[in-house]
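What follows is a pair of complexes built around subunit A, which joins subunit B in one and subunit C in the other.
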Partner chain A sequence: MNVKQEEATRVRNIALIGNPNSGKTTVFNQLTGLRQKVGNYPGVTVEKKEGRVPLPDDSEASVLDLPGTYSLTANSPDEKIATDILLGRVTHTRTPELVVCVVDASNLERSLYLVTQIIDRNLPLILVLNMMDIARDSGIEIDVNKLQHALNVEVIATVASRGTGIQELKQAMTSTHKATGNSRQWRLPELVERELAELQAMLEQHHQLSEPLAFHEAVTLLSGHNGTAGHRNKYSPEILDHLHKDHARLDFMGIDRQSVFIESRYEWVRRVCAEAVITAHRSDVTFSDKIDGILTHRIWGFVIFFGLMALMFQTIFSWAALPMELIGAGFDWFGRLISDVLPPGDLQDLIVNGGLAGVAAVVTFLPQILFLFFFLGVLEDTGYMARAAFIMDRLMAKVGLNGKSFIPLLGSFACAIPGIMATRTIEHPRDRLVTMLVAPLMSCSARLPVYTLLIAAFIPAVTVFGVFSLAGITLLSMYLLGLGAALGMAWILRRTLLKGSPPVFLMELPPYRLPSLKSIFIQMWERSVIFLKRAGTFILGVSIILWFLSTYPRFEGASPSDQVQKSFAGQAGKLIEPVLKPLGFDWKIGIGLIGSLLQREVFVSTMGTIYNIQNADDGTGNVSLQSRMQQDRDPVTGIPTFTMLTAICVMVYYVFAMQCLSTVAIMRRETNGWKWPAFQFGYMTLLAYGATFITYRLGLVLGIGG
Partner chain B sequence: MPASASIMPLQIPSPCLHMSESFSMDEVALSTLVPGERGKVSRISGTSAELRRRLLEMGLNTGTAIQMIRFAPFGDPIEIHAKGFRLSLRKLEAESIMVNRELR
Partner chain C sequence: MDWQQFLSLIIVAVTGLLLARAEVRKRRRARRTGCMGECGCASAAGVRTKLTKEGR
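Moving on to the complex of A and B:
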């Protein structure tokens, strides 16, 4: 390999860091596009996002997107990982060769606090001054050259949501940067400086720590927010003894050890800002303020919130209809093609009615899932989610949670997995646990296929209040039922198993901004890849197994519906039928429930497989699953399998039941044991059974049983 | 170590200076400001060290100008403006942030 090639294949290791809401993820998406990989750091449950960036000099860089953080002294698992990576303390993750710090230009002073801490790490650094447009709009002018000079760091101005400045950033990433150097510019009061220098020198000597690491440890020890108790095993007795005296001396001098480090950094930041920022006259009422006046209004705020939710579910329903039909038609065409090519028999049956029917039933719902992620992405990116948390906090406080728990819960509408992972922004372990335990009650996108199949088939197409369809209202009701159940369960858990003081709520309200469509589309792409992978592997496998179970043992001369009933699956369904009878479910629904124990959307593919086998020979080959379910009658009594009430009952069951292997797995990982996932599975299944039973009985009394 | 020990007696102990600050006439809890009112942070006390550190690190240091923006629909939490950004926190926490109210 010659030198040139070696240069070209060398991958530089870059870490991306920044405050929450600084637009860091948008910068990451602009840099890497679809070349992203999501994993986990070894030993901890923090999501590790990495991506590849092609650079203008034909080399490539590997960019690590660190969790958003306000400081490098924080204690939450997310923030700690950022600190540890910059200190080179994480195994299997190399210390970055270059740090790119994204700061919000409209919020420079606070952002630079983190920058002072990064500079102390003595790593090569580029500062990305993002959201220059918002800063300008609110009357803030920043002299980039002066800022660069004052910080002694290269500064690139960007508007990442529009891609402005990204090319310059890539260019800057190619050139080598010197480490920020041993030139700490912020100063502590003389006495503290001296104590710090002594302690740092001792740490370097006694524990062979590198200079930046010793400095970091010395600051942590002196500011002493953990006390000295936690360090007993980590440091030599001399150091602990010295530290003890340091604390006593500083305390005696009336120095606030906690705030002195923070205020000294801010003191320097103020001087840098005074030099580089030209703040024109700021009007008191900004654009964001005017919107906020309405969106957080005591009446309009809630009207708009619920209106937006209704609109979201309504459009998911109507906009996705056409692409769903197209996908369905595509699979039908493919099935007919295979039927033409393959001779009739078990093989043809397996492929067309087993695998293909099952996968088709699920893949058809891809458009709805894409729309859901699109809406959630827009709400998040515009800054509306934070407002929703703001107006909802009081309600969340009532059930013993805080507004921050509301965001993971809202995110669980998409999927409980990212929802549960999003709880990592909740500082207190108990608050976090409660949120995780109730998050899967929020109706995730995997329930959407179940709901929409049943709604389309059994809820009459009526319009209510002139604008909303009954279908949309039903769908919204299911989501609200899940939300209500989640809040109710949180309330109960907070008063029984997980008592404790009310959680702290501290949340930044970012200014409103236009969402970056690129970021949203990248997220939609990632989700659809995951969804399709599952359809191609797990669901395909289950569909094939189910086909076997509902086709064998073979009975010669039995009618197709008799055949299904006498098959293994039919027998299993019959076996649990007595348990399901009180809920108004028959054995076919029973097969669906068992089949979807590991994954909810399998219910739909199960129905697809069963009804395809059952109706294989009756000449209705091309009829949709919906109408087959509508027409299905008990062969003996002639009573329909599904009525509107049964459909509602099945939906209610799915609102509550924990039918998701992945959620169990992530709960095990996040809580580090089987206790909580087992508890969660148990309470949710009981709740599902109870709620469905009540719904069924109530329905019969009200006479909607049919 | 002996160096710093030797200079200790030379310094004037300052706890008394800190005490005097807290007797300022218009010092009120942040939670008592009405929307639109401004003040400057004088101290944060009566809260956990962890929360205090987070508030300080977000820039609510002594002397930082704060404006009360609004209360959430049911009166809690509150939204404040400080150092060019908006922060929401509950009244309970805002009670531990003392500010010198700007007189109008």
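Moving on to the complex of A and C:
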């Protein structure tokens, strides 16, 4: 293989960067074919994503999808990573050989600010003018040639959602090898230019920094950006002394050190736009603006939000009923088949009443979880979620947070883990910590099986206000209770442990668009795989262990009910029963609570296993778990184990309790210690106990305990 | 002890071992990647956190 061939087959290292909502993730999907979520609101790209792209010259490129950022002035952990990678300051990650910057063509002036910073870095650059269709619809015409000339970089026009321009982009990725002379074209006032040049030269000389890196550091130090205070210490006393004098001189001249850089960049950007962009005069009020007038209205916004949520939960109940029945019937058939093949004995009992019953109890809820993700996906894809965050900003401000914190909280409806990880887009450490501490209070999808099992069994099937079912309203109440608790806790934390004022929230509302069913179905598919994998591994394993703990030690001649009570699991449940009694819980619920300390949905599989073992010999055959729970009575007193009040209390307990080891582990990692996860686990457990106790006592007073 | 009882106890013991092993592996992976491998978080997320700390 000669040198040329080697060069061609070598993998090129390309970084993809852009503002949030510029369609960067869609471009990444189109280039790599990798499947990932496309979100509408800022900061959806919280993970490091990499993909391979086959290029037209038969070579291959490795594309790194950097987090969405408005500038290379690192405010949040996400922006910092993007900045550090472009500056080559990240170990184990090669400095990109080519940068592909995706900009929203309908918002060119704002997007070009980031471009000026990348040009300063003096790396080969391709500018992708994405969403050209939306720009045209908004009456914006961009002369690509003029823009290319003004910026001195390759410009490719795309509509990434339709794949338009992607082939041209791949071609450009093949041919753009050198920094095409792109160097800084924006200029600062003379005095600042002089100071900057001096500082840059000193940095190059004293610290052997490369020219672009020295320039970046000089700008950062000279502008006195907040985040620089810490890393000033790494510079020599001469540089710090020089910097101090520079600051004094600029301050004396009345030059705002921060804004002079921003203004100078924008001044140049405006000149470029004036040359290359023609904006037709159209009505300022767009279709999206008209809809926003209602959906983000102070009162109607909330009414519509809660109405949509109520409708969503009701639909989850009604649409999922049939597939749930079918899955249940499938498991029943499979259980009967095993019973026919295997003679009665421990192995049959283990498979049918242990593993299968536990897995079936959880898997039956798959349709509800899928419908939840379908609706969340539709709301997100249409652009409604960004509006939800916007209207919630007012409420969030009252508790000391802002709309940006609401996005991770919304994400926690699916699972607290990505929710906590999404807080990396929050700039202020205290805001981030408060959001992480309250995120697990949002009802995640693992709670859904617990709620729906209890609601279906104990909440009467009646209609409320002629439209909504009581079951749907109860489910919605649990979600709202979690949201209310999260906001309440944030309010308390903001006034006690983590004091501070809420930062200003600037949010870009993306235009409304038709949801992409393909990406929603891919997301649902991924969810199903995760859910079924967990049911087939962890839940199955726990169910098998629970079968053993509920079956041993053996007591000859004991009825199945007595056997469970005297078993290891029964003894453990009895041991904690005095603590749970004030909440109206008996030892069986105690077993469920212990079992689900690792994962919440284990409560459902535990109930499935225990009730199957307990009723193994009663001749009732394949009666549903709900019916068994409804019919279960204390053998001595004859009092039902579960009543409507008990069911509500269990749900309230699960709304507040942590009961998720994975979340504790992620909290430990994100906060770099055990202090905050321990605090979180403690306060949530106390909150759960207290709230359940109050609910139970209130229920008894109101007479709904019978 | 009949064969069904014997076999079921073997299954329980093996399951216990597998669960313990999976938990240990998960913790190790979590330390390395910052993700429990659940709920769809990408495994590379933690790499970035680590890089953030090392970046400067």
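Note that the second predicted complex is superposed on the first by the 588 of 706 C-alpha atoms of A that agree within 3 Å, B and C clash if a C-alpha of one lies under 4 Å from a C-alpha of the other, contacts with A are read in each partner's own complex, and residues count from 1 in each chain.
Here is the rule we use: contacts are C-beta pairs under 8 Å (C-beta built on N, C-alpha and C of every residue); 3 or more make two chains touch, one makes a residue touch a chain.
All values reported here derive from a predicted model rather than from experimental measurement.
With both structures placed on the common chain, the touch criterion links A:252 to subunit B but leaves subunit C unconnected.
Judged by the touch definition given at the top, the superposed model places A:393 against subunit B, while subunit C stays out of reach.
Touch criterion met: A:545 reaches subunit C, while subunit B stays clear of it. Legend: residue contacts after superposition of the two complexes on their common chain; A:662 is shown touching subunit C, with no touch to subunit B. After overlaying the two complexes on the shared chain, residue contacts for A:121 are found with neither subunit B nor subunit C. Contacts of A:297 after superposition: subunit B is touched, whereas subunit C is not reached.
By the touch criterion defined above, A:110 reaches subunit B but does not reach subunit C. Across the two superposed structures, the residue set of subunit A contacted by subunit B and also by subunit C is empty. Against subunit A, the residues of subunit C that register as touching in their complex are 2-5, 7-9, 11-12, 15-16, 18-19, 22, 27, 30-31, 34-36, 38-42, 44-49, 51-52, 54-56.
Those residues of subunit A lying in contact with subunit B across their complex are 70-71, 73-75, 106-110, 113, 140, 191, 194-195, 198, 225, 242, 245, 249, 252-255, 258-259, 262-263, 266, 288-289, 292-293, 296-299, 301-302, 386, 390-391, 393-395, 397, 402-403, 427, 502, 504-511.
Those residues of subunit B whose C-beta lies close enough to touch subunit A in the complex are 1, 3-5, 7-8, 11, 13-18, 49-59, 61-62, 69-70, 72-77, 79, 83-90, 92-93.
By the touch criterion stated above, subunit A contacts subunit C in their complex at residues 46-50, 77, 80-81, 84, 89-93, 231, 234, 342-343, 345-350, 414-418, 421, 424, 526-527, 530, 534, 537-538, 541-542, 544-545, 547-548, 662, 665-666, 669-670.
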